[in-house]
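Input: structures, listed below.
Below are two complexes that have subunit A in common, paired first with subunit B and then with subunit C.
The block that comes next holds the complex of A and B.
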């Protein structure tokens, strides 16, 4: 089945992984994000505020910046040294050691339950 | 589309883009299309040339222009490719910098926009906190109060220049605050901005030679050096000069780099937003249905601000230089080649943006435009620019639901800054 809004295949399995996005003001949003879709896309497709994604997923702007919940950081990992993501993140105003660009995190089944927090602003 | 051939068009590449632009654009031999002619932007006749290039020759080799040979990159996706590959497509001043027209040898004024990582990164990070989200929130009340005052003082029932009374005034005040520059002398900043970026061949340019430009920018550098020295003695404060004075990567700069850095921050900090303030009103004037939609629903302002920035495209191009042989969409780019990303064209690319020639204030994805650039050189002040424009329209709509545009904008002779020099308007009495 295709999602009428995104045109993407919707997984029919019972195990559609969930992501919880927590806005800077603390408001949580839990939504299904299909395997293979980026965490950025999951937010944008569900109109979750706080992710701007100006470049549309090209790793070229750092406006889909999130902080990965500590419990999930080992599974998600950090950007590789010298990577484009690392370079872009280094310019984000409010970057922290747990910062990632959500367009570079691809949803997997074992990420079901992932929690990410939004920064004060996308820059 | 199939207009008669202009017999004179083939004579020379620069002249080829004159005459009836819409006709010429589709009939002159492709290899003669030269989109670097500043006249195209002053006359606002550039559209059909880029439309043809995007369709027929999107990675276009212009073999002969007043700036030498260059590649014109015209599609959104190819521009994005060049943007993110900064190792292959360098911004370095030594290779020619970021404009199709190079600064004369011995008068180059490097700054972090004309550098590659890592030095670029170190310097950029010194100044970027001034436009971080927390500081923007701090500045918002001040920007709003000033905007209210400037708008309240506008004349009613008489024609005035929107550019001078609104666009320049608001952005120059902002710039004076960012630099903590003596407020009463703030129009000096506007002047230096125009000096730094003007095309010296334009009749209305404030300077008419590169020597004259350098001399005036030296005056700016001296004035600012005095303020810099004072800030260096004091504690680090939240203004650009103090940040530069206390930044390890910026506190000791050779003269030309100091001139370049000031020029970058001054031009970047006001000229682009100025032209978006002017161009936005012009766009709404030309799209009365959108203007009506806006009046009926001011909640559309944030999306409209992004659409204004796309539609206006305040920076016409950015240039890079290939550091090695490379390929873009099958075309071989040689090491040393000048590669020019035409943002005006990418922002009108129908493959990336639906109905790109229409100004639509409630677009689905208004933020996806090229006006701020992408990659490591992406505009550092983008969110401040958006904030200033948002506040302008939030304050404008309830005061003056109707602004009458009384004549054509006078545009700037430049292939780099998409400027509006003046725009006559009237607020009904």
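The block that comes next holds the complex of A and C.
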């Protein structure tokens, strides 16, 4: 069902999964991110510093770049070979082997507790 | 050090204004923030209006910049459907069209653009629409049905994006462009050729080098368009997509310098220390190219929102960004990095026939000025990096596909 105030899906009967975003300076932010919402959206909707998201989630800008915590990388996986995301990341500033574009990670119940870190800058 | 307890009033609740309000809170502004928007909707993203929204692939929640609850949760007083009539700099107030006055300590103008109208007396006919706002998109959407006949005047980004969306909805589409090629002001010749071919293959009829002289109507509803070449084309609807002009009247009436946009410096400040201006409505320095320009883009709106919020909060200014643009049409993703100033040489990398290629624009000394990339995200990203670093390249190596993009950028 939809939340009448936000127009967004409310996850029913279960706890909302949490994501912890850690700023480049080490400041953590733990927020609820509804299932089906992108990790980028979770940051923007909660005004978390360090995610620009210029293109609004179209995988066109690489300004929602995050590093996925090592414990979560097996569950999240890396961008597919030859994907738009992989190509964008290959030239993103300060990319690492654990880099992802957070607009391409969709929240699932089994990602409850996910930890991502933000790079020094998005441009 | 700034006093972050004062009242910031933001006029315009689009991408720039909405982002500025959020960034002020993110950067620690303590005082009241009032965000005043003329449209009845909370801040939303305009780029999908010509694409996913028109095709019915988005819900309103997808379109919103942030959820409606964000504003009260962050102590941002959002006033939608509220027109600002004047700025009174002497008393530090904005006057609303209702007569109410809102006092400010700092004012951010984020008034955006409006769609240019055709200088034709009959352009008020029913079935003639522009596309700038959500309300415009909702007027346009029901006109794009299977076999409905739509004429799009203007082959810029909006015109061509709507053409692609309309074709996917089964409408018959004619695009009329006054200049000799599509995307005349925003793309290079080779890129225009490529997009023209793609739209022809998609079943769009394109007429270039023709001006619109008149509309025919049947009971006040548009029925045909007359062209300067003598042709009359019957239609069910017309989209006028002949560019946008900055909303600068509020600023100019208040004595602020305007010249194709409100003049601002690199921190988005006008000449009045209490007033900033951000987004499409500004004429701003573009330091990378050592000139001033008016940029119409979401990245520009966000960059200037950061500049103004950082300046107000006493933070270090954000690093200058390379201007960039994107457009999605059919199965094509166009990404453009930089601006094509002082171009001496243009080099195509890859085969346009494969619909995966990039066009590099180089200055006389080989500096990469701009890169237009079609389904070529690595070239776009590498191009953006090379432009930022003022990288010089040799044209023959750009064209040589045996030289990897990584080698080229390195």
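In the analysis below, the second predicted complex is superposed on the first by the 114 of 123 C-alpha atoms of A that agree within 3 Å, B and C clash if a C-alpha of one lies under 4 Å from a C-alpha of the other, contacts with A are read in each partner's own complex, and residues count from 1 in each chain.
Here is the rule we use: a contact is a pair of C-beta atoms (placed from the backbone, for glycine too) under 8 Å apart; a residue touches a chain by one contact, two chains touch by 3 or more.
Keep in mind that this is a model prediction, so the values were computed, not measured.
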item: Simultaneous placement of subunit C and subunit B on subunit A, clash or fit; value: clash
item: Touched partner set for A:94, first subunit B, second subunit C, both or neither; value: first
item: Partner chain in contact with A:60 - subunit B first, subunit C second, else both or neither; value: both
item: Partner chain in contact with A:47 - subunit B first, subunit C second, else both or neither; value: second
item: Touched partner set for A:119, first subunit B, second subunit C, both or neither; value: first
item: First, second, both or neither for A:84, with subunit B first and subunit C second; value: both
item: Superposition clash, subunit B against subunit C - the stretch among 57-65, 147-155, 183-191 or 201-209 that is involved; value: 57-65
item: Shared contact residues on subunit A - subunit B and subunit C; value: 52, 54-56, 58, 60-62, 84, 87-88, 90-91, 93, 121, 123
item: Contact footprint of subunit A on subunit C as seen in their complex; value: 22, 25-26, 45, 47-48, 59-61, 64-70, 74, 298-299, 302, 319, 321-322, 324, 326, 328, 333, 335, 377-378, 380-382, 384-385, 405-406, 409
item: Subunit B - residues contacting subunit A, complex; value: 80, 83-84, 117, 121, 124-125, 128-129, 131-134, 136, 365, 367-368, 372, 374-376, 378, 380, 382-383
item: In the complex, subunit A residues that touch subunit C; value: 2, 5-8, 44-45, 47, 49, 52, 54-56, 58, 60-62, 84, 87-88, 90-93, 121, 123
item: Contact footprint of subunit B on subunit A as seen in their complex; value: 52-56, 58-63, 84, 87-88, 90-91, 93-94, 119-123
